[in-house]
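Remarks on the structure that follows.
Labels for the chains are A, B, C, D and E, by order of writing; each one numbers its residues from 1.
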Amino acid sequence: MSPLTSIVLTPLITALVVLLIPGNYRFVLRLVAIAGTAVTAALATRLFFLFQPGGGLQFDHQVPWLNHAVFSLSYHVGADGLNIGLILAAALVGFAAVGVSWDIERQPTLYYFLLLLIIGGALGAFASLDLFFFYFFNELALVPTFLMIGLWGRGPEKNYAAFKITIYLTLGAMIALVGLILVYAQTQTLDVVKLRALIATAPLPSGIQAVAFPCLLFGFGTLVGLWPFHSWAPLGYASAPTATAMMHAGILKKAGLLALLRVALPIMPEGVAKWMPVLLVLGLGNLLYCGFVAMRQRNLNLLLGNSSLAHMGFCFLGIASVSVIGVTGTVLVMVSHALLAALSFAVSGWFHRHAGTLELNRFGGVLARVPFFGTVLIAALMAGCGVPGFANFAGEVTVMFGAWKQFPWFVMAAAWGGLVIGGVYMLRAIREMLHGELNPEFAALREFPHSEPLPEPLPNIGLGAQVVTWLTWVLNSALGGGIWRGWRRLPYVVLLASLLLFGFAPGILTERIRPDAEELVKLATNRVPTTAVAPATEPK
Amino acid sequence: MDFIRYLDPTVQFMLFSAVKIVLVFAVAMTGVAYAVLVERKVSAWIQDRVGPNRAAPFFVHYLPVVGPFLTKLGIFQPMADGLKFILKEDFTPSYVRKIYFWIAPAISCVPALMTLAVIPFGSTLGNANNPMVIADLNVGILYTFGIVSLGVYGIVLAGYASNSKYPFLGGIRSSAQMISYEIAMGMSVVSVFLVVGDLNLSKVVAYQSGGIHEWLIFKQPLAFFIFLVSAFAETNRLPFDLPESETELVGGYHTEYSSMKFALFFLGEYAAMIGASAMMVTLFLGGWTPIWGGAPASSLLVGLSHIVWFLAKLGFFMVLFIWVRWMLPRFRYDQLMNLGWRRFIPLALVNIIITAGLIALTHK
Amino acid sequence: MPTLPDLLFYALAGFTLLFGFLCVANPFSRNPVTSAMFLVLTIISMAGLFVLLQAFFLAAVQVLVYAGAVMVLFLFVIMLLDIKEEERRRLNKAALGIGGVAVLAIAGLLVRALVQATPLASAAGQRAEGSTKPLGRLLFTEYLLPFEILSVLLLVAMVGVILLSKKEMK
Amino acid sequence: MNLSLFQSEIAVVLLGLGVLLADLWLPSEARNKLGYAAAAGLVAIFLYGFRGLLIDPVHVSVFPIGGSKFGMFIQDGLAVYFKQFFLLAAAIVLLMSVEYSSRFTAGISEFYSLTLFALLGMLFAASSNDFVMMFVSLELITITFVVLNSFQRNRMASLEAGVKYLIIGALASAFMVFGIALVFGSAGTTNFEEVRALQKTLAANPVFLVGLLLVTVGLGFKIAAVPFQIWAPDVYQGSPAPATAFLAVGSKAAGIVLLMRVLFGAVPMLTSHATKLLIVVAAITILYGALCAIPQRNIKRLMGYSSIANAGFLLLGVAAAPHEGLTATLYYLTGYLFTVLAAFLVIAVVLRETESEDISVLHGLGHRSPYLALALTLSMVSLAGVPPLAGFFGKFLLLRSVMAAGTLDSSYYLLVAVAVVGVVLSIYYYLGIIRAIYWGGTNPDKSVLRFGITTKVALAICIAGMLYAGVLPHFLVQTASNAVGSSLHPEPVTAQTSAAR
Amino acid sequence: MITPTLQHYLVVSGLLFCLGLLGVLARRNLLVVYMSLELMLNAANLALVAFSHFNNQLNGQVMVFFIITVAAAEVAVGLALIVAIYRKRQTAHVEDLSSLKF
């Protein structure tokens, strides 16, 4: 099996394994889920470093799926500069998301099953080179999201949020699907590689591009949270359980962007020419409007949600610039924001669980009580406002460079303004929560506060299994109970470390991204007049 | 009478038909009247009474020998009855549904008379182009069944129109009873037509014209039996007179009727008996053919003798109807239904299958 | 010079339509029994039309089955249920109006199409009389399969009626 | 007449009669088990029929029965495909009714045999090659369903469902019969193939066109397409769950196959000119079903509206027509089979316990029976058209075929837009059911739901089917495509296309 | 007065069909609605017989035979159903069948 396929399948197979474990074997469930994602993360890391920068498409794996005279589709995965970083990020965030879900008590089987499904779907979407499977995997997350918000979500509005996020995502996905099918009906294939080859000789007819491009743009844009189709995002993140918010804000959103890079840009140069200014304006809307909204938030999660939308503005900006640097920067922001958003939501989830609230003005001076999580939060917020040293800085600066040449001065001014706004609310959040007077309410806040109840012993499953049962119980008590719970910091550490790594050495990423970005931009700006030929291959 | 020959064939046909209709109608009406007399006489005889023996016009009294005899015989009784029906006050209760109350008696007697139209009551009167049947339909039997099935409306509507309890029950019973037995009756006839191979009643008679051994009563005894019993049920005669059973429904559907309207029901019932008898004669007893068989008549005399044969057979069935009435007790309603649905219909089906099988085996 | 069958056609067609109208929309009575009786009359007039069209067998079957059995069943049920309410109820004017307009539209469409109907060219010459034998032959050869399906249909109807009207069991 | 062609039909008749007769001798406790026997019999027939499907997928044969040049019974790829479909559906419905039988006061074995007779009608419908045959088999289906729908005589709703289905069904029959009369009169034949041979001349004959229109109206009733959908919600709500399930799957599919036979078997040329009409009907049907389903609180009524919306989706493929559209419709229908039957299997078990049919009876299902909860969730997900289940790929294929047709006529794009809106709306109510299962509220009844092993197996089959069709669609798509290709003769659109360009 | 042709019969049949439809739409009594449906079926019968006669094809008459059978079966089931409803609800009106409205 190809390495990429095994990365995609590991979480999915783990999900099926989890489904077979009864709910009262909670500990086994957790262990299996963590092990599965850890393996995935390890595999992804290995793959990331095996990847040859500039080597084009690698780890290619194709299996025919539907072989029919008219309908033909195939399962096709492969890694290039655009997605290798995202695959790594997704695997890491997946591991972290399962890691921070240790406390789930209610219906754990279902929880882990759904979470693993989301993780597997996200990895599959990133790895797919066939757009049908891209869509297929991406949509795998839809219903799990709905269920997770409903079942384990928080806040009075979770019901509304669950429906809102699902319906918005469906709407976006359906519109994108229409665009995809339009291309498919024209070309009989949704394989990116084949599409590119096909387009090189026979560009899509203008009529198709004129319809398909906006479908793809707004469809996928909605999935990303493009202004003004973004209002599902902050509410959804605020209501979702920690892991779901991490996966969504961090990973799934990027799928939409990746799709834009994969399909919209390279195969529809006419559409690009026509619609990029629009995208630019809307991207600025993300930057400024969502930034302003974020500034008004009194709730950490809503603030993070809106700020994550503001960050997407940079991505749109980078795409809209259609320049090598801009696209490289975009991918860089995608990867770094994946890690960052996951980290922020993970730590805010921790605060929500242990402090019981996320209202900024109720906090104050809790840094002293919880130094580790306080520090992580500071780091996340700092990264969020683009402090050098974190990967985001590198990405955003690159986007700025890319955009510099393409757009008039006021665009740059606006982008810069967006950064400043980000700085304002992030720093204020740090001040209000972590510094200043300690709210006596949180005097008892501790990193690992109450010793959690020991898990109930496993049922006696027979004489020979007694020893195993007993051992498991001991291990469980140790990891979950309290002898040494420091390992529970691992998810945060992993995310923070990779954020820092890419911050200090963005070259690791950019050298991988750049060759493909060049290729992409070349295709996107390839404006051969297409009106002369309409070479649709008719179905037989 | 030669002028007839020079007439247009259509007019000729219409003329003959009209004559036949009038004749058949007259005979049937007389038949009805005297059937009533026979009924009363037979019942009296069975019950060891004298029966009608008084009514007579004044002049008969003065006739020597014959006069008292005729009076004793009661042959003037029907006239007296008829006169009474006409002269009696026609009382219409206030609570009835007027229109239906008025048309129900008419509906009940018209179909009964109409069935007679397709019965071949004789061969010819010497002229082969003028068979002794009013309408020689090639779907004759279906026509009779269709018309007979309309007879039920009279009773049902009478029950409905009377707007009171007993007539209503009578109407309900009769509709169920008549529909049920129509099925058995129809199915029993199917095997007859399997044997004959035609629906035309003249053809049925022609098939049986070889003599008594050719009669279908011997070839299809089961069918005959079912038809006979069903005919009793269809005409609401005892032992199946549930719709009008005097002892429980005080007359059933005609409880509220009097005078001429009642007479029409009466007429309808006896006309239906005549119709059913005629059907049985035609289907099973060789119709107008003498017991030694015979071809259509070539002379007037032979033709008249055929009609007599027919009437004789008819009379036999009429007497049978009357005789059975005083011999058998009334069935209970559930027994009636049981008999119809669970005995006769399956039997008739089996009969059809056996007949068809035999025909298929023997058919060249 | 109109011949007898022609006159009969006009008379029977007129009766059919008149009785049909009185069946569905009798202005004088909304008694279901009246409707049923007019339906019987419609059917009998139609049987007359069938005779004019040389479909003797069907004419007889029409009377036998529809008038003799189906409509008696109707009457039976009407009487059994003793339905009188209809007379008290007001006719739903709106439904009548909308229904009337819809029906008029459909009638217009139908009649416009139907007046353009012509007999098939291939029909000239021979003569297909609806006597029993050819009909039966057709029924048991070419149409045997639908015939057999109908037998299952009748079985279903029988089972269904028994199930639906059986007394409640404890 | 070649009796071997009717193997499955004869087997089903015998099975039905056998069940009916066995009722006489079996003790009343054992009657329930007759359902298993009948289902087993159907599975056997199904497996046997598979042989034909596998060995000879493009088998075309027209066997005249009687004098006509073309028979009224046709056993081709499409027929075999649909027969397998109907057999599977009926087998699952039978298992469902065994589970549900405690709700019937009387006559459970009659329910089984009637189901089998309805199935018989469907089998004949699949093979209809003649308007007469179509009429007769549809009537068999309709009348059987009247009885099935009103089977719970002690419930007023069930009787009402029966009466409404009867009246509307009879109205549809009347339309269809009149239409057939006109078609017969103007074409001189009722055979689909003979009509096809004449279609060029008939296209100008107004009597024929009106007749055809009336026939399609009759079929529209059957599949519950707007504006002939009025019966669906009431009937779905009132009928016993197994009957509703069979109605939703079997009866609808019978309507679809006949619609295909008429539109593409008898008058392909006319159909290719009437796509606008089909587009409008499909669009309104989707929207109507989706919009009306949103406020529903009764599960079965909701499924009724959902089935209207799905009828619209099925028409999508018919409107997009030629090969791919019909292939997509067939595929979608197959996915729909597993999906809807899974839903109704769960609904039957849940409703068996309670009188109410409000969505709130699903509350707490996640705890009362995780297996049922999962099955219902999967089925809703599939209906909503979310991967990896059958519903998604079905919609994908449908949209694709419509989009491909869009190059000929841009009003197809409008249809796509409507379909997208329909999907998004449907998400709302399907997820509403999922919500009710998991966190909609609390159910006073916290008892564990018990159900038989056969229901478990039937559910497993349905779930497996949904997943199989969704994840590995190759076989199904290929089979459907072969079935369509071997049977129907869509007018080649290329000529029209070139003219349009 | 002209000799009746195919069109005459068809127009009669079409009008009869519409009369039946009117009854179905306008009448509220289930039994009368049902009778109207019978009227519609009969209209089809008339059309078929007329076509049969004028086209000289017996097939139409066979079809009529089928229709009559089907109608009889439909009526039987329908009346049983109406009786069952009446027993339950004491009504035979379409308007009273409203337990399924929401």
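One rule holds for everything that comes next: contacts are C-beta pairs under 8 Å (C-beta built on N, C-alpha and C of every residue); 3 or more make two chains touch, one makes a residue touch a chain.
Keep in mind that what you see is a predicted model, and the values were worked out from it rather than measured.
Touching chain C and chain E together: D. Among the chains in view, D has its Cα centre nearest the centre of the complete protein Cα set. By the count of C-beta pairs in contact, the leading chain pair is C-E. Among the other chains, B has the CA centre that is most remote from the centre of chain A. A straight line joining the Cα centres of chain B and chain E is 34 Å long.
Centre-to-centre spacing of chain A and chain D amounts to 41 Å, using the average Cα coordinate of each chain. For the pair chain A and chain B, the distance between mean C-alpha positions equals 94 Å. Chain A and chain C have centres, each the mean of its CA atoms, that are 69 Å apart. Annotation for chain C: residues 57, 61, 69, 73, 80, 110, 114, 116-117, 120, 122-123, 142-143, 146, 150, 153, 156-157, 160, 164 touch two or more other chains. Touching chain pairs in this entry, ordered by label, are A-D, B-C, C-D, C-E, D-E.
For chain B in complex with chain C, the touching residues are 100, 137-139, 142-143, 145-150, 152-153, 156-157, 159-160, 168, 171-172, 175-176, 178-179, 182, 199. Partner chain D is touched in their complex by these residues of chain A: 65-71, 107, 110, 132, 135-137, 139-140, 142-143, 146-147, 150-151, 159, 162-163, 166-167, 170-171, 174-175, 177-178, 181-182, 184-185, 211, 536, 538-539.
Within the complex formed with chain D, the residues of chain C that make contact are 109-110, 112-114, 116-117, 120, 122-123, 141-146, 149-150, 152-153, 155-157, 159-160, 163-164, 166, 168-169. Interface of chain D with chain C (complex): residues 1, 13, 16, 20, 65-68, 72-73, 105-107, 110, 113-114, 117, 120-121, 124, 132-133, 135-137, 139-140, 143-144, 146-147, 150-151, 153-154, 162, 182, 185-186, 188, 205-207, 209-210.
Residues of chain E that touch chain D in their complex: 6, 10, 13, 17, 20, 24, 30, 33-34, 37, 40-41, 43-44, 47-48, 50-51, 55, 57, 59-60, 62-63, 66-67, 70, 73-74, 77-78, 81-82, 84-85, 88-89, 94, 97, 99-100, 102.
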